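Handing you this structure, nothing more for now.
By written order: A, B, C and D. Residues from 1 in each chain.
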Amino acid sequence: MPKTLIDVDLAQSPYDNPMIHNRWHPDIPMAVWVKPGDDFVLETYDWTGGAIKNDDSADDVRDVDLSTVHFLSGPVGVEGAEPGDLLVVDLLDIGAKDDSLWGFNGFFSKKNGGGFLTEHFPLAQKSIWDFHGIYTSSRHIPGVKFAGLIHPGLIGCLPDQALLDTWNKREIDFIATEPDRVPPLANAPFAPTAHMGKMTGEARDKAAAEGARTVPPREHGGNCDIKDLSRGSKVFFPVYVDGAGLSVGDLHFSQGDGEITFCGAIEMAGWVHMKVSLIKGGMAKYGIKNPVFQPSPLVPNYKDYLIFEGISVDEQGKQHYLDVHVAYRQACLNAIEYLKKFGYSGAQAYSILGSAPVQGHISGVVDIPNACATLWLPTEIFEFDIKPNASGPIQHIKGDIQMPLSQDR
Amino acid sequence: MPKTLIDVDLAQSPYDNPMIHNRWHPDIPMAVWVKPGDDFVLETYDWTGGAIKNDDSADDVRDVDLSTVHFLSGPVGVEGAEPGDLLVVDLLDIGAKDDSLWGFNGFFSKKNGGGFLTEHFPLAQKSIWDFHGIYTSSRHIPGVKFAGLIHPGLIGCLPDQALLDTWNKREIDFIATEPDRVPPLANAPFAPTAHMGKMTGEARDKAAAEGARTVPPREHGGNCDIKDLSRGSKVFFPVYVDGAGLSVGDLHFSQGDGEITFCGAIEMAGWVHMKVSLIKGGMAKYGIKNPVFQPSPLVPNYKDYLIFEGISVDEQGKQHYLDVHVAYRQACLNAIEYLKKFGYSGAQAYSILGSAPVQGHISGVVDIPNACATLWLPTEIFEFDIKPNASGPIQHIKGDIQMPLSQDR
Amino acid sequence: MPKTLIDVDLAQSPYDNPMIHNRWHPDIPMAVWVKPGDDFVLETYDWTGGAIKNDDSADDVRDVDLSTVHFLSGPVGVEGAEPGDLLVVDLLDIGAKDDSLWGFNGFFSKKNGGGFLTEHFPLAQKSIWDFHGIYTSSRHIPGVKFAGLIHPGLIGCLPDQALLDTWNKREIDFIATEPDRVPPLANAPFAPTAHMGKMTGEARDKAAAEGARTVPPREHGGNCDIKDLSRGSKVFFPVYVDGAGLSVGDLHFSQGDGEITFCGAIEMAGWVHMKVSLIKGGMAKYGIKNPVFQPSPLVPNYKDYLIFEGISVDEQGKQHYLDVHVAYRQACLNAIEYLKKFGYSGAQAYSILGSAPVQGHISGVVDIPNACATLWLPTEIFEFDIKPNASGPIQHIKGDIQMPLSQDR
Amino acid sequence: MPKTLIDVDLAQSPYDNPMIHNRWHPDIPMAVWVKPGDDFVLETYDWTGGAIKNDDSADDVRDVDLSTVHFLSGPVGVEGAEPGDLLVVDLLDIGAKDDSLWGFNGFFSKKNGGGFLTEHFPLAQKSIWDFHGIYTSSRHIPGVKFAGLIHPGLIGCLPDQALLDTWNKREIDFIATEPDRVPPLANAPFAPTAHMGKMTGEARDKAAAEGARTVPPREHGGNCDIKDLSRGSKVFFPVYVDGAGLSVGDLHFSQGDGEITFCGAIEMAGWVHMKVSLIKGGMAKYGIKNPVFQPSPLVPNYKDYLIFEGISVDEQGKQHYLDVHVAYRQACLNAIEYLKKFGYSGAQAYSILGSAPVQGHISGVVDIPNACATLWLPTEIFEFDIKPNASGPIQHIKGDIQMPLSQDR
């Protein structure tokens, strides 16, 4: 039986657990040490550390303090790991905690975080998803059920000081280009809510003041929100510091490509069973800058898709140059309009796209001036037929069930 | 046996074939008429109308006149089709012409078209791919073979005048924001090389002067370059004019998501066997603006992928805001660096990414400021193992075979 | 363009084509010779050489002379092939002939051939299937359409004299155990209808008298009717004679595991594009007695199955010992009863199981005394939902369309 | 959190747990009752109730008392279930017990149980498989690792008295045709080792004397050993008694089609999370005699197979009539010979075929006199390349590791 190296008590604040941290910094001490070849279990909080509840109000989503995220378990030190190595991580299994068989999906208020379609859904909303073995369904979104493609939204190794400095300069300079933007362009270090693991005192304060926020994916991986980093996959991470310092958190029971709802996928507390090994000098050997990975042989196998196209002309008819972000937004909006014909509210449709195993493909990026993106919606997750036919759509969803919404204060 | 409604003689100039056109305009007369329920075959030129040859020089790629593309077969009028309908197109089969069992992939010179990685590969290059039944391989790129995911890069219905006007205004205004850019931001109408099908005289000249270029995907579909619109798929197209006016061309034997090499996928002349039917009033019934489609049950089924991540920090270290285009470019560059470790030249690796059934996923688009894109490279298409291991890569490719390259003149 | 080495004129009797044969014998001269590495096309008759017509009578099925089958194209001599080698055959592509885009499925009369369920369907029946690009449907069986998994039912190399003698002794001895059985236990050599390719005169007569019938699969492969030997697959055949002598025929547009209807799959005339190479001494190197193969990456990908179980207790309640044949028969009968609830006749249901890409699995063969077999019916091939639900089945098929049936004479 | 309705303590004899039984009889009292719509967990012993140990001796396999198997958890009564209904069982999840993360595969001695290849492997042997998250590997069989396709080998509802009588008569009559056979043709009721759940005293003795053994699959399902009844699948069971009486056990971490090694798959103790509902009168509505099921969207997705053919001519060259059992045996023997060329012992190869997700297809059952069966071996489960090539096989396995074997006493 694999050893659980980091325990998480969901009734305890993550700030009180020294094996948790919420910033990236090379000085964060290893929470535990392992040897290459070891396999072990790490428990994790949900990304907000328990701020979002299993209830029918979106107030918690509206009011969340986003400077506190993401609560990560680690860092795990791997004996013998040195800068330039590749840390090979086998994600042997991933699951929810037995006392927490549910997850949440939501949209942040535009004033507090926003999201991909924040102009269309500017208020906080929430849906709760219950787990039934490998399946999930929501009491807030009828007619849909699917098998989870469980994965950590966030996983990666500690940066060294040079990489950290690069990140901070890059992002702080970027924020400075439009400092008053809501939502902001990026998140600067913020010491007050930083949780630096075992660090205390002055050292903690110094590191907290420059510790990188965990929101974006970066060179080391981090918050990639790649739905395919699922159990059974094998990931090759760049190593920047002695011991590597692997941390993980932000588990998702399921997510669509893009994690478009931002808050987020189907977010959950849980555990990861993993095994680590090393490829010495692997970064140079293979020319690797960002992580690479191999997918699992064991993933939900939906294949009867309805595919929506979008191009890089925005909702106001404005032309953008090969902009895949805009194109994907159009594909998503097209899918939402389509699902509304079956009775879903726009919010419910948006939530489905954020949480179901939806694929987002970069279909064309060279045909000036329009990029083309496609959103692949698996039809098998619905309890009724959503494919087009000559008779037109049937309004299966009656509108009596709605997603909780909270007005801005 | 299905009837061939449009024949193409590859020895003849497409300009001499009145059932071909290379601009979008509502006044282009139907080349042929069919009834709902009919199935039929249309032959097509390759997108350049034969400008690129099966030889070992990239001069033709360097010198191509891009104002002539794409040569399309059609428009096909469908009896009873009216604006607001959905035209349902079953792509029953697609193939290369028996006397032309090869295709080309290339990079345009930055001075004449460019492409996704034109800053890295600024000169014209070309690879020729031979078809062996369902498989293809290239004499210019050793060690790789794969089954084709055959599809039309370009298919869609004629716009009405209002839609055409929208396109022209949108794109001409856009060009005006940076009129001297090389490559340009978009392509304006250009009468001299316009081929308006059966139109002649003054009417032709008037339409040619405002006919939309075929390069970008637009609301009607058009040059979407979606690799999954393959034989066996079913597409639902918006109808804007009486008779619908379906045209098709730009066939690809195979393509990676994004068609990143621009010139292009594995481009070929060929034929499409299709069946048409109608959903009356379908655009409003289903809330459809852009085409939607269902994929085929019969597509090459590679699944052992090596997946490369990219984030929206560019090659110069500059931060971009949730820019999937930049992120995908990084993922592609990461894959190219990786493949070079096995002996491929950068150009060969780039060509593989543009022509093999590579997937490009929009993995994360909300984690400010970085988008995350992933490039999925099927390992099974290589004759040797490309997965990372502790011993490091073996240089299987010896560098004795190179892709033709032509210096700018 | 690959060369067509054997042409077939469907208006000509196969007996008049010297590149066709219908018996196995080492002395049949090579029809053509090729070199390792060559790729080429062979055209083929349907297995009956044109005896079954595209019409609405089953008289031709009732009256067929089964001593004439199967008409094979070949043998193809491969230079340098020697006994003990493995002949590697890449099935690069397979198709129907352009002037013959249809196929047939049928049941033989119990008095003339029989079949898997001949006790239940003792009379000759027939269904005709039209090909629409990659899809097929039948005017005799409404509500079902599927993509073809095209393959040769029969392919293999010439036996040497010792192997031929083994076959003849084994099967003639076997017939002798129940010589008057209808249908017979096996088919003995039968000179009058033998077609020995280019052989003439006395040599022909001698070989015809001992040439093995083509009906059963044997050590060399032969009439294996493996639906997965489809285009894109790679097969390793044992070589017994100098030059190997590869012959092929009995093409199927599609077939269910077991080819249970016997007459047969969806039988068609067509062509095979293949490439040959050699593994010298491969039989001993790899310990190979029967052919082995690798499947194609490009096969119809149905996955939403309804799975029927059967055990080795027969229709009369009689116990059989781990008899998979009996178990599979029960699974098939169970599926037929099920489909009848949706309005299909038993014959139509039986025909679907014989021709659609149905899987038959050997699920359990050790739990004495019952074997367990499962029949996997893809639900996606039906135009309506066939999965069980609380409301019970809807009779979508109205019974107005029936399969032709011919009474025994 | 789902409720665990039946607990199993692996340190306790199953005979001491009144919620366990090892015979089929309508009078066995329900262990627990649930309502339609409920979901719940049942823990289970391994099929032998703990007789086989995680060690390196096959003595326990040799000496096992097969009259004690299989220990099942149940029966579960479902309120409102009546004869003629279909009990719909959603297998929501399945797993090993946390304190027992291993399983066993073995061959019985021919004198005590035998197996599919007992003539070739007549002595007791054993391999132990450790579970690493979703993967398993064995210290007794190097070079192979795969993801488990977890499933219950045995699941079904209680028979009514009439069905039980049919079983007993059918099987006892059958045994009588060859009463001294070793291994026997079937297993008759055997009271001494019967465990009749909560029954006691005279009632227990009476029922024990006629309770059907659990070895074979029968009309109700039972010991089908169908590897595809995995978590996420949905099964429709015939109901024969009021309350249905669903029992389950014999969990497998993984198994090849046929469970050819008999002892058995990778056998384990564990738990099943399931949900039940009813289709009233479903047996008649859908014409269902044996269970039918729908597979899971979440199963290990290996696809690069090497496929071995076998025909119904046995190892001694004897002809059998369309005998799929014999044909599959030849395919298995062919695969074993092949794997030996890479260094595996025959026993190791046999064990791989019994435990890995190998497919067994009934490929042809009408081509008299030979059936054709195919064994599909996924090449991706091996750490080295097992596909044939011109250089011949490399002996990756060195023979220093062997499977425990115990001589008969």
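Assume contacts are C-beta pairs under 8 Å (C-beta built on N, C-alpha and C of every residue); 3 or more make two chains touch, one makes a residue touch a chain.
Composition by chain, UniProt nomenclature: A, B, C, D = Acetamidase/formamidase family protein.
Note that the structure is a prediction, hence the values are computed from the model and not measured.
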Please work out which of A-C and A-B is bridged by more C-beta pairs in contact, and write that pair. A-B
From chain A, the most remote chain by mean C-alpha position: C
Length of the line joining the C-alpha centres of chain B and chain C, rounded to whole Å: 40
Distance from the mean Cα position of chain C to that of chain A, given in whole angstrom: 51
Dist(centroid_CA(chain A), centroid_CA(chain B)) in Å evaluates to 32
Multi-chain contacts only, two chains or more: what residues does chain C have there? 301, 303-304, 380
List of chain B residues in touch with chain A within their complex: 86, 88, 115-116, 166, 170-171, 173-174, 183-187, 215-219, 221, 223-228, 236, 257-262, 264, 277-282, 285-295, 303-311, 313, 317-319, 321-325, 328, 330-331, 334, 337-338, 340-341, 359-374, 387-390, 392-393
In the complex with chain B, residue positions of chain D that touch it: 301, 303-304, 380, 385
Counting only contacts in the complex, chain A reaches chain D at residues 1, 39, 90-93, 98-99, 101, 132-135, 146-147, 231-232, 273, 275, 296-302, 380
